[in-house]
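Look for chain A in each of the two complexes below; its partner is chain B in the first and chain C in the second.
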Partner chain A sequence: MARSRYRRTTLLRELALIVVAAVFSLPFYLLIAIALETTEQTYRAPLSFPLSPHWSNFSQAWNTGGQAALPRSLESSLIITISSVAALIALGSLCAYAIARRRGRLSDLVYILFVLGIILPVQLAIIPLFVVMLHLGLVGNYAGMILLNVGLLMPLTVFLYTGFIRTLPRDYEEAARVDGAGILRTYSRVVMPLLRPITGTVAVVVGFIVWNQFFEALIFLEGSRYQTLPVSLYSFAGDYVARWNLILAGVAIAIAPILAFYLFAQHQLIRGFSAGLKG
Partner chain B sequence: MQVPWLLALPGLLALLCFHFLPAGFGGYYAFTSWNGLGNATWVGLKNFRAIANDPIARGALWHTLELAGCFVVLVNLIGLALAFGLNRTVKTRHLLRSVFFAPVAVSPLAIGFIWQWIFDNQGALNRALGDVGLKSLERSWLGDPSTALWTILVVLVWQYSGLAMVLYLAGLQGISDEIYEATLVDGASGWLRLRKVMLPLLAPAVTVSATITLVIGLRVFDQILALTGGGPVAASETLATQVYKQTFYLGRYGYGAALALILAALIAAVAIGQLTLLRMHEQRL
Partner chain C sequence: MTAAVTFSDVRKVYPDGTRAVTDLDLRIEPAELMVIVGPSGCGKTTTLRMTAGLEEISEGEIRIGDRVVNTLDPRERDVAMVFQNYALYPHMSVFDNLAFPLYARGISKTEIRRRVERTARLLELDGLLKRKPRALSGGQRQRVAMGRAIVREPQVFLMDEPLSNLDARLRSDMRAEITSLQRELGVTMMYVTHDQLEAMTMGTRIAVLRDGLLQQCGPPQALYDAPDNLFVATFLGSPVMSLLRGRIERERNALVCMLGGQRLPVEGNPSMPALNSYVDREVVVGLRSEHLSQADGTVLNGPQLRGLVRLTELLGAEQLVRVDLPVATLTGETHGRSEVAEVTARLDAHAHMAVGELIDLSVNTAHIHFFDPTTTRAIH
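Our next item is the complex of A and B:
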């Protein structure tokens, strides 16, 4: 049978979907439009795009001080995200390697425990975690936040890696072991390079989650000088009540990096979310 | 040569120390009175009785169920429709998929602030209604207890329709061209074939997508803090916002843990339901 052809109904469907997508994108249009208006314009004619863009909203938002300072929280977000992702990749892939290569009931059980770890809601665990980590001096600083992220996102990381490693043939690593290479050497020289596709997916998915995370960061970092972007954005919106052009300029600054990254990494992100289907 | 379990140790420690142990302690604290300092005193079911007698907590539970239920139905219907629309043949499908998926990548809090302005008294929605002569429909969307919760539903559906779409697209890839063509060609019987042929084949994707979106709906927090803060008069409080406020604002750690335990039980029920459904499906094949 012929493959799907482009018919007149397909054209109609295409046009309809383009219209839907345009309407769907309106919030992004409004974000940019309002962020470039003067306060007066936002109350007079907010929906029309400002013909003389008021760029100073962005510099004012960027230079806001205090708890809501965006440059400092951008730095915090970068440090916390990159460190958490690096540690998760290193420790999570090793753990998944052991789970995927051991066969038998114990390995199945450990795998199921990690899947349960993904499902367990963080709200229950975070209460004792907060109290213990507060006592250990791990609240309100980088070390605590990175440790928390590594702990919380380990199940998802292990789950994604295990599914991939199970599909890899064992021939290369067994050849390396026969040649006398130790387990860690085999892992770093032979296995890790084969994991590159899934490492990309894990880095992107986990990176997006950590970058956008609000609940945990609010509890662990609010009021400290290490607030991540979402936490600072929350203070920021509180500072500028009803001054929508400034609030949305701040929002635009906060989401610009992730949207730019999305353009490059969307396929990894989609692949990561679809991985649940095969698991 | 076996791969030693030792390699799994850091990951296992993380699982134990950040998931099972604290969840276990959290479950224990749900039956105690505790201010986060000193010793917790066992009080049995007192926290749960207090929840049953507190209109705000009862409302939060009810709102959570309402929101999650409506969200799952809407987001999956829209996601499925988008996936069918963008599966094949449409030339701009890759671009359009990126557009619909983009909100998934953005901070839910930031998304919440954009929509807060849209729903504001002076915001986009009321302006647009006024511009097309529907001034009578204008209202204070976020300030009115009868609409506040539904603004959050709109934002959730907008943010996650692209996620459901992607999950269904992955499911559709497993269906061969022949079946797909057959469902499209015979105009009259198309709907029937869709129901009898496509949906059974899509069942695993439906189960996975329904579970993921249901868990997202039950856990909703960021969007509420951005849009309404739980108000007005607690009309949009959910379990997650109440856990946060009771525990970390008011220092009622035992009471907050009890709310979190209810949330955990809801999510566990969903997960067990999904596993059972998937098993049943696999056995039928």
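Our next item is the complex of A and C:
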């Protein structure tokens, strides 16, 4: 029985998957290869892997650039992403908890409003938003960018959390209430831990969106000292117009933190995603 | 500290108009184990949840001790509840599960440790305190759920079908354990179940509910011996009481009950005085299996019924024999045969029975139950 399980179709399927994986890895290979080449090599043989890797590209990319300096924008990106995700999880889960557990038209209506928020493109409102935030002193600083992100991504966060909470049995909360816990204790000690799988999903989805965010960051932060990585890389490309090895070394530095996080939390993330989907 | 629970005219109507509980009047005495039993959808769980404060009361009043608790939050009622699926917090260890109600009440850490450890010893959970619920067996989870209720020393325990997720063997063990625990702690307990066996074996008293209406309340034996109506009569007891359509007639100054062509004297039956007003009228006759025995066909065995053996079920110590009698059934169903009703008799396991043979059953007429066919109420 065990021998017959590995059939020809299995082999074909494996081959197909290997091809797909290779195609997906190609850009990554190019990124690393070019980042390690000299400028001359990038023009002569960009696709071949350099036999003597040019590691200094990384230090050069890391150390140069005024407003667009990588260390500073890495710091900005980290601060903005972590703060936005933390605020979204704290507020979004509370909001979704109320929507999912309250019966009645009001909560249905609020839910629909949030869903509409996912559908409508932010670009529609970007000009009035910019004007209002400029007047409030929220352009070109952390607070404004974090607030903007929380607002923009709250619908998605609430949507994901609400779907999950609705599938959660009420028994745990009822047990906690009878056990003498108030609403906040019930939420923080019982509900929030039960939301762990979906919180993982939300953190990754929302975190990636914020980390890779370009359009909003360009409009609200460009030229300030709080510029994030994608914007810096963009101006990098302007500064080093012909030096692709330096540009790609910068890109490699920019994706390193998220890649490290992904490798580190891979197991957790996949569990979170599948639990979220099941919910 | 233990308290009485009193329901006065309690009513629950859901927003969609469903009446879950109608005009419930019931008092559960301090330290009593009251079993609320009924088929699914009868309102028993709603009653329990209203007591816990998880469900609003539409009308009426619930008191715990002297306090009216209608609008009190669950945590202000000083009750503990064991849920059907236990609702153990999956992310907490057994210790934290047991300690949670105490933390929520702001009790000191040393006192919490003392009480959790005492409860764990009582329920033999000592070695499991560090485990998570998912690493426990069904019986152990049940114990933790019990422990979480006990640890707080509440005034009233509420149990919502706590044994329904256990296998038969464990269930009978836990039945005894819960009963003895309740006696030991001397605490008031409301115990909801759909299982009549749990009700009979555990309850100090039983309250039988049907469609949100209290049918009868009393000690298990009293309900079994003198059910108020057909529902209670058929709900309690296994095998189910056999029901036949009979007719009361007067024969030379004595009352007899005609079952098809056969007659049973009702002399000595407690319902006899009341049956006088049913002469020449139809009644529903209820026979419990233990009040039928095998007769030899002679008059020496007293009143008898004759029928055909249809099926025998051997239980080891005894056998249940289903006998077809040529009598109209209650429902008028004929099962493809004309006018045949079935009665179940509990006979000696070693008595020889062959399907299709004629059998004479001797009837203990003092224990026949009579019901009014229109009101379904017992005649007495």
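By our rule, the second predicted complex is superposed on the first by the 251 of 279 C-alpha atoms of A that agree within 3 Å, B and C clash if a C-alpha of one lies under 4 Å from a C-alpha of the other, contacts with A are read in each partner's own complex, and residues count from 1 in each chain.
Assume contacts are C-beta pairs under 8 Å (C-beta built on N, C-alpha and C of every residue); 3 or more make two chains touch, one makes a residue touch a chain.
Please read all numbers here as calculations on a predicted model, not as lab measurements.
When the shared chain is aligned, chain C comes close enough to touch A:Val190, but chain B does not.
Touch criterion met: A:Tyr172 reaches chain C, while chain B stays clear of it.
For chain A, the partner that touches more of its residues is B, with chain B and chain C as the two candidates.
In the superposed model, A:Leu120 makes contact with chain B only, not with chain C. After overlaying the two complexes on the shared chain, residue contacts for A:Gly182 are found with chain C alone; chain B is out of touch. Within the superposed three-chain model, A:Tyr142 lies out of touch with both chain B and chain C [touch as defined at top]. In the superposition on chain A, A:Leu17 makes contact with chain B only, while chain C stays out of contact range.
Of the two partner chains, neither chain B nor chain C is touched by A:Trp62. Once the two complexes are overlaid on the shared chain, A:Ile255 sits against chain B while remaining clear of chain C. The intersection of chain A residues touching chain B with those touching chain C, taken from the two complexes, comprises 174, 177. Looking at the complex, you find that chain C touches chain A at residues 52-54, 73-75, 79-81, 83, 85, 87, 89-91, 100-101, 104-105, 148, 152, 158.
Per the touch definition, chain A reaches chain B in the complex via residues 1-6, 10, 13-14, 16-18, 21, 24-28, 30-31, 34, 42-43, 46-47, 91-92, 94-99, 101-102, 110, 113-114, 116-117, 119-121, 123-132, 148, 150-152, 154-155, 158, 174, 177, 183, 187, 208, 211-212, 214-215, 218-219, 229-230, 233-234, 237, 244, 247-248, 251, 254-255, 258-259, 261-262, 266, 269-270, 273-274, 276-277.
Interface of chain B with chain A (complex): residues 1-12, 14-15, 17-23, 25-27, 29, 36, 82, 85-86, 88-92, 96, 98-102, 104-111, 113-118, 120, 122-124, 127-128, 131, 158, 163, 166-167, 169-171, 177-178, 180-182, 184, 204-205, 208, 212, 215, 218-219, 221-222, 225-226, 239-240, 243-244, 247-248, 253, 256-257, 259-261, 263-264, 267-268, 271.
For chain A in complex with chain C, the residues that touch the partner chain are 169, 171-172, 174-182, 185, 189-190, 193-194, 196.
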